[in-house]
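Below you'll find the structure I mean.
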């Protein structure tokens, strides 16, 4: 990746508070991997497993930890945590492309919306009555916010995020494109003719500070109380979070997970990609649910839970699946054998 | 939730055709749960399991059924079905925030589009040639409708709904944000060089009356005949419905379900969250497919079908999965044991 | 489906390079299935299994292969490959509804964006600095492209496609509505307080020529190197492709698949609907992963891989699942029985 403007090694060292070994006047024009970087590129080595690439790299400058210095034959920026230095650099580069705050003339904001002077509202955004944007909020193009929403300080909503009514978003939240928040929960009753009667959902959604929500994820409004996403939760793409779900602080949810209505997920949980969690459950703090697992009862203590099967060659798989349909019979036959042998069955 | 304007107990009683026990002049400013409501709030008790909360509530007024009256120490609105009273109230409150019909000046409607005088077209909507909106249709901001679409009376399309060409939507349909309808079916043939050749999809989509479709769901166009969603079907968020699928009346489909091409789902089916249904199948009326099940052959009669495994502690799970890879061998060994004992195998 | 304008049998024969049997002056007004077509419709028979319908059809004209000619009682267009003739016809009809190139006055294009004179930019599109549209590109309404994107010749982005920064799209690519490309990868580190620190993703996305991507699919940006979709890959709706995934040429990915970060999928693979592929894996060229399978280790050779279970009547299913929780014990008991009988265990 090339930067908008090249930087000197000294500028980078100052920005990252790194110790520079080499030429402070060297110009770098962007960042690349150890293998691909040429002399005009900055690179980085985050782990000693990349030491062979470090020894071979043609990069002009490399971010490394002190232990890697003996293996680096190019100029080096030495820092304690190379990964965190990359994070810092990303923050610092963001400032480069930051647009001026202000409301784009094509944005349509209801007269009762309250927008901080330092907030940015992009082209074709639409803001409903009573909606509030705090300081330094950034709305990318085409964001739609309904009635009585609030977006906290320094939160960023990427293009096409849509919030229905009464969605409360905390500070420093990042929501990716295509996310829908506050849509009606999927709660229906059957009437006397067997037709679906839709239950209203008044509860809105509350999203705490420092949450990140991935592209095209959906979060439904609660019935009377809000659906709630705790502080520091991170959610990947295409995740479904149903009405009245509560997600505890710091929990991480990978892509394509679906969580059904009124389930409460604890703090610090890890939910692997494609997992499915049924409704009205209680998942303990610190539970780790591995990818593709299906959870249909509450998990009352921390620990690792699984139900996914790994793919196998189809022929072998099909033979075993065919036998599985008779597993109950097999268990009974085995017990009968044991009895015949006067052996005690263990289960 | 607070209402736009407070209401008196008498106004609420009249709107819900309820019997009022208490002060007709009491002002209520919104609705809350029994536990959270203070004296300025309306609350509700939908089930006798909430009787303890009913006895303790500080709500100013409570919607209850006649049986709960002895347990209610606050003013009460007595109705036969408290849940249905909530539904009625939601309908009645919607009128409060209803916008005036009309076409927003930023909407771009092709000159051949036909828009009823009582329809509402929100900001930045784009309507293609030949598209028709019937009476009382509401398009929220940024809806895009292609060529020759039709939206029936009183249907509502939330922000960012996108329909391609020839999408026919019935009356009183509700489609949530981010839904895409009528995109090309995923039908490809291989040419002689092994490259994918895309089959055209001319068939469009037909959605009957009173359907509800959840956020970011996708419904592809049919090949020559339309993909069809029957009357009163309810579909949750992030559901995939492929080309030429037919969904029968009143079927309910929970979140994250995927249904492959040309499958026909019967009437009154219930499809649990995350279920997968293969293509070219026939699912009988009244079939219930539990959450996370995978259906790969037709289901010819009503009943409950399953294939999901519940998550277990990982250590136990892994041991059993490892054994599963040898289940076919186990079955053969068991048969050999039975033969050795002159016992007859049962399967 | 009716066409915008009727066509004569001769016009159709010329367009499809077909041999016409029947009246060259016959007017056809659209295309229909064999069963539904009346005399003013064109129909088609792609397979001898439809011979009974072919013999009964009332269509005015039918596209058939030479072998079906004896069974066709209506006028016929004889071609070698009826399916390919439908593809050709679709291409030819597209020209009918093609809009004039140009930039809609409501599109907001950064002054440094470069847009070919033959490109089309629809209403309410927003293009960032440095973004390039090559010849004959078509952007439908409300497409948002960030900074330094490039869209290659004759590619089409349907309404509401969103690309973040540095997304490179090849030629003749088709991207459906709601797709998000280049959103931040889901890569986080834990800081010393156990809070998530987000890793930056500089790498963008590269999409080669002739790719098709289905509605509401998401493709994240890579870390330093780009996420890469190979030439001729076809991807269905609601698919998740994480950061730094590489997809080889000609691979087909059905709906609702999720592929985790840094996994490399080979060329010519087939990935069935709802499959889940873990991160950092290597999937060989030509691997076929059946629908709903979960892959958690690399697949080093071509072949068919599976892990899905087909749904069964719930009662039977639950009995077998209950036994599965004791499968490891069953295996040990079986071994004990064999030992008791002095039989050799085979696994």
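A, B and C label the chains in the order they appear, each numbered from 1.
Basically, a residue touches a chain if its C-beta (ideal position, glycine included) is under 8 Å from a C-beta of that chain, and two chains touch if they have at least 3 such contacts.
For clarity, every value in this text was computed on a predicted model and none was experimentally measured.
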Cα-superposition angle relating the copies chain B and chain A, to nearest 5°
120
If you list every residue number at the chain A and chain C contact, are more than half found on both copies (same) or fewer than half (different)?
different
Per the C-alpha means, the centres of chain A and chain C lie apart by a whole-Å value of 25
Residues touching two or more other chains, restricted to chain C: which are they?
106, 124, 142, 160, 178, 216, 238, 256, 309-310, 312, 324, 326-327, 330, 334, 337, 341
Considering the complex alone, what residue numbers of chain A touch chain B?
106, 108, 124, 126, 142, 144, 147, 160, 162, 164, 166, 178, 180, 183-184, 186, 188-189, 191, 194-200, 202-204, 216, 218, 220, 224-225, 238, 240, 242, 256, 258, 260, 276, 278, 289-290, 293-297, 299, 303-307, 309-310, 312, 316, 319-320, 322-324, 326-327, 329-330, 332-334, 336-337, 340-341
Quick check on the complex: what are the chain B residues that touch chain A?
1, 31-33, 36, 83-84, 86-87, 89-90, 97, 106, 122-124, 140-142, 158-160, 174, 176-178, 210, 212, 214-216, 232, 234, 236-238, 250, 252, 254-256, 268, 273-274, 291-292, 308-315, 317-318, 321, 324-328, 330-331, 334, 337-338, 341, 343, 345-347
